[in-house]
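Next come two complexes, and both contain subunit A; in the first it sits with subunit B, in the second with subunit C.
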Partner chain A sequence: MNHAPSWVLRVDGLTRRFGAGCPRCAASVGPAHERSQCPWCATVHACTAASFTLARGEVLGIVGESGSGKSTLLQMLNLTSPADAGALWYREPADPTAPPVDLLRLDRYAMRQFRNDRLGIVHQRPELGLEMRFSVGGNVAEKLLLARWRNVGAIRERAAGLMHQTELPVERIDDAPPTFSGGMLQRVQIARALASRPALLLLDEVTSGLDLSVQARVLDLIRRIQWEQQVTMVLVSHDLGVIKQLARRTIVMKHGHIVEAGLTDQILEDPQHPYTQLLVSSAL
Partner chain B sequence: MHELHYTYGLIDEDSKREVRRALLKAVALPGHQVPFASRDLPIARGWGTGGLQITLALLAPEDILKVIDQGDDESVNAVNLRRLIAQTTGVALTAVTADATVIQTRHRIPEERLRADQILVLQVPMVDPLRWVEPNLERATVMHGEADYGRMWVYMYESVIRAGDLRIATQYPVIVADRYLMDTTPIPRWDVPKLHQADALFLFGAGREKRIYAVPPHTSVAPLEFEDVPFRVEYTPGQCCARCGCGDSFLTSHAVSGADGATRWVTTCSDTSFCAARQAVS
Partner chain C sequence: MSQPILKVSGLTKTFVLHLIDGRSITPVADLAFDVWPAQHFLISGRSGIGKTSILKCIYRSYLASAGEIWFDSLLAGPIELIHADESTILRVREREIGYCAQFLRVLPRIAALDILAEPLMRQGATRQAARDEAAAWLQRLGIAEPLWHASPVTFSGGEQQRINLGRAFIAAPRLLLLDEPTASLDGASRQVVVQLIDDARRRGITVLTVSHDLDTLLPSADARLHLA
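Entry: the complex of A and B
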């Protein structure tokens, strides 16, 4: 019988702080103290000892109020923010027998290569994820060019296919992003993120700022992509409705700590931590 | 009238040593931009001070120097630089490419294949090709460090989509030794293939931007191109030099006045010494 674990990503004690820290930090910050900034040294403990695993094809939701550390955690997963402690073990889904790699131990060059090839991210603000001077097709093409595609015809064909897949008008492939609506720009970001067939897709507040009908279309699109391509996803949101629709498991963050983790239904139906109870009751 | 005395090579020995150290590092890391403390010179920045400092740091009394500007030995910039270097070093001068041990140039590489015992020093106005896509120097440095050239490739892709071809006339971006993206300076596309697996050493100096980089001999230099839109050099079928008849050199057009006073355009070799040698043979 094969007992090999099926995880793709294992996060062990991931920690990020902004400031030098002091001996009194540990006893002064966290959910119990209702703050993430040390009153003695002003160090912000944005994320403290976050640990979880992510199975292939799973969607993990991260919820919490503003400043709870969920975006910092996502940036560490995207390898764009360094971690002060912890490990980020990755195992290639296509080769479960390969030994896991701690992504935080890679040099910057290898990290960049990994980010290009295996990670995709959709930002809350499109201008963070898209180059507004280039065309929409060019933005989608960047991921392919980074993956060493060197045939303009093939790149264009793939970019058009991704635009079609994400319900974008293919005839506007050469238009600049500022001429697109907010919901369309989110779909351009999704098309771009999917271009290199990433092992892990990170979604940071993808529906914030969109009106309800556009929000529903974007969520439908993500759900369809997840179902069709079995992409492993981490979804950050402060909207429990979004989490409920997409995530199978959810972790709840407060003041840089994970205060509760479990199946999404379980967390929403029977929240254990007082903060989660407050969050759920506020949403309802 | 009193006689002027100069340090050999005009700039002080410590500065020349610093330039040579930067050159060694640049040769060790082909295509990588090495900072150096560009000194003030009696010519304005932007007029070849980077190349001049490299040349002055390299020249030994037994060297033979050639200076060209846009392929021309007798242009104002070339003449002035040559005069300054000769006055402060006393090295022998030549216009014949094959005779020179060090060639300082602006915007051209000589037509003849350079030998292993020759060094070509190029003057560089703009160091970083990433400036077209990333104006922030700090971010561009990180992009070089991580070989993050995706945006540069998108720039090339957009060029093809907008214009139907790779419409970059000069400063064509290349990847050196499969690692660093490098600006080739405003040499025409015609000269870019001469950098690839050459026998000679190519040194690039940017005085205004205080950077030095190099392409050592026998180094891979690959222009950015696509499988279906390849890099191409300039070529107009049937066009040849009006003086030497060469149809296989980089040509330039310039206006001349005829005996009747009318102005007409003629096409001649850009490399004047190459052209003169061909005329002498024929």
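Entry: the complex of A and C
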């Protein structure tokens, strides 16, 4: 009765910098210095010692201003950007007895396979997540092929099912992405990301740049998927309104550091850090 | 009834306003009280004295600055709410501690019926069962049937407040925190609130109310803390 809900991912001290660094970096960058770039060696400390735990089926929000390191962190979680330090402990939800593995210690092949099988990502710009020359169905199918699906009939059936789930017109399965609207393309990305039934879905500013009504529909879809499938998600957004709708826990980033973490309603109603207070007061 | 369900001691809440020269406000200072199972505990006091802050510290929407808040949880044993980890708080919120804010806040596009059904579904009820029970509550709260499938965003103030209360009571938490439950209600609806509280207590639910509407609520309260 008294056991803690099991975690899927435990992020421990994840760090990424661009540049070689110098002895003066540590005393020159971070929120206290209002910058993430070292004035002495020009190294950008994009993400420094990020730590948090993700419980199974939960949605974690990440907010912060432009350049605060949100996407860098997400790319490390997606295993598409290397980390300079830290660990990424993963526990397979389907097999709770298996010992946790540090994903960053996997070899390149295993890392790629893990990404294909267990991760899904939706980018702000559809052209980053989709191959524009393939059909929409082809984009979904590609993710399935990467996850080692081999039966053509099963792949097509799954692709059509995913289009239906994400409220896309299945009869347009053979059309190319450029003929779809922005909101539809985000739904195509979501369909592709969900194809292999990932353990973790990463969402990077998925509704920025969409009209409000289209935004609402995409957010409703994400909420429905979360509700029905209990997918664990990390949701990056600079829009606190989006975070509030979807995430029950939130972390706030500034200049590569997590400056505050807590329940989303607490972050919004009783922000502690000066930066969070500024963020909240600018949003309301 | 061997121990309080909620034990508050030394509760202090200070807000540090970093955007206004780091000025600080302390609406709650060194407060202590115990709430016993199935009690209706009423906290009164003038507007601005910090009543909402107390409830929000208990619910953890606010981080208390000092003190202890012990909650006798069935799920997790006795837990200290100020320092409990976030996943514990979320679990306790789903099952054991309910909070009815002063004003209804809902997403547009979600029907009143579904707003009331949601807490039940979170607790594991099927959609159909949850909606049936939600309908019974809407009936009881006097919400006209044509409104059930509309979003409360366009409802009148009193209708919104009844949805707000319905959503809190339907979940049947062990401890229910009510913030000004009778505000924006007419006389008849205020009496419905009293009935809801009485019924809840008969089912063993503990109710902690903050309000300045003593005329309506004091008769049903069996413990009162007046802040001055």
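By our rule, the second predicted complex is superposed on the first by the 279 of 284 C-alpha atoms of A that agree within 3 Å, B and C clash if a C-alpha of one lies under 4 Å from a C-alpha of the other, contacts with A are read in each partner's own complex, and residues count from 1 in each chain.
As a working rule, contacts are C-beta pairs under 8 Å (C-beta built on N, C-alpha and C of every residue); 3 or more make two chains touch, one makes a residue touch a chain.
Here the structure is a predicted model, which is why all the values come from computation and not from measurement.
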- Now for A:274: first (subunit B), second (subunit C), both, or neither, which partner does it touch? second
- Taking the superposition as given, does A:153 touch the first partner, subunit B, the second, subunit C, both, or neither? first
- Determine, under the contact definition given at the top, whether A:116 touches first (subunit B), second (subunit C), both, or neither. first
- Once the structures are superposed on A, label A:138 by its partner contacts, choosing first (subunit B), second (subunit C), both or neither. first
- Now for A:263: first (subunit B), second (subunit C), both, or neither, which partner does it touch? second
- Item | For the subunit A and subunit C complex, residues of the former touching the latter | 1-2, 4-5, 55, 58, 216, 220, 245, 248-249, 262-263, 265-266, 269-270, 272-274, 277-278, 281
- In the complex, the residues of subunit B that touch subunit A are 145-148, 150-151, 153-155, 157-158, 160-161, 225-229
- Query: Within the complex, which stretch of subunit C touches subunit A?
  - Reply: 15-19, 56, 60-63, 75-77, 85-91, 107, 109
- Message: With touch defined as at the start, can you tell me which subunit A residues reach subunit B in the complex?
- Response: 108-109, 111-112, 116, 131, 134-135, 137-139, 141-143, 145-146, 150-153, 155-156, 174
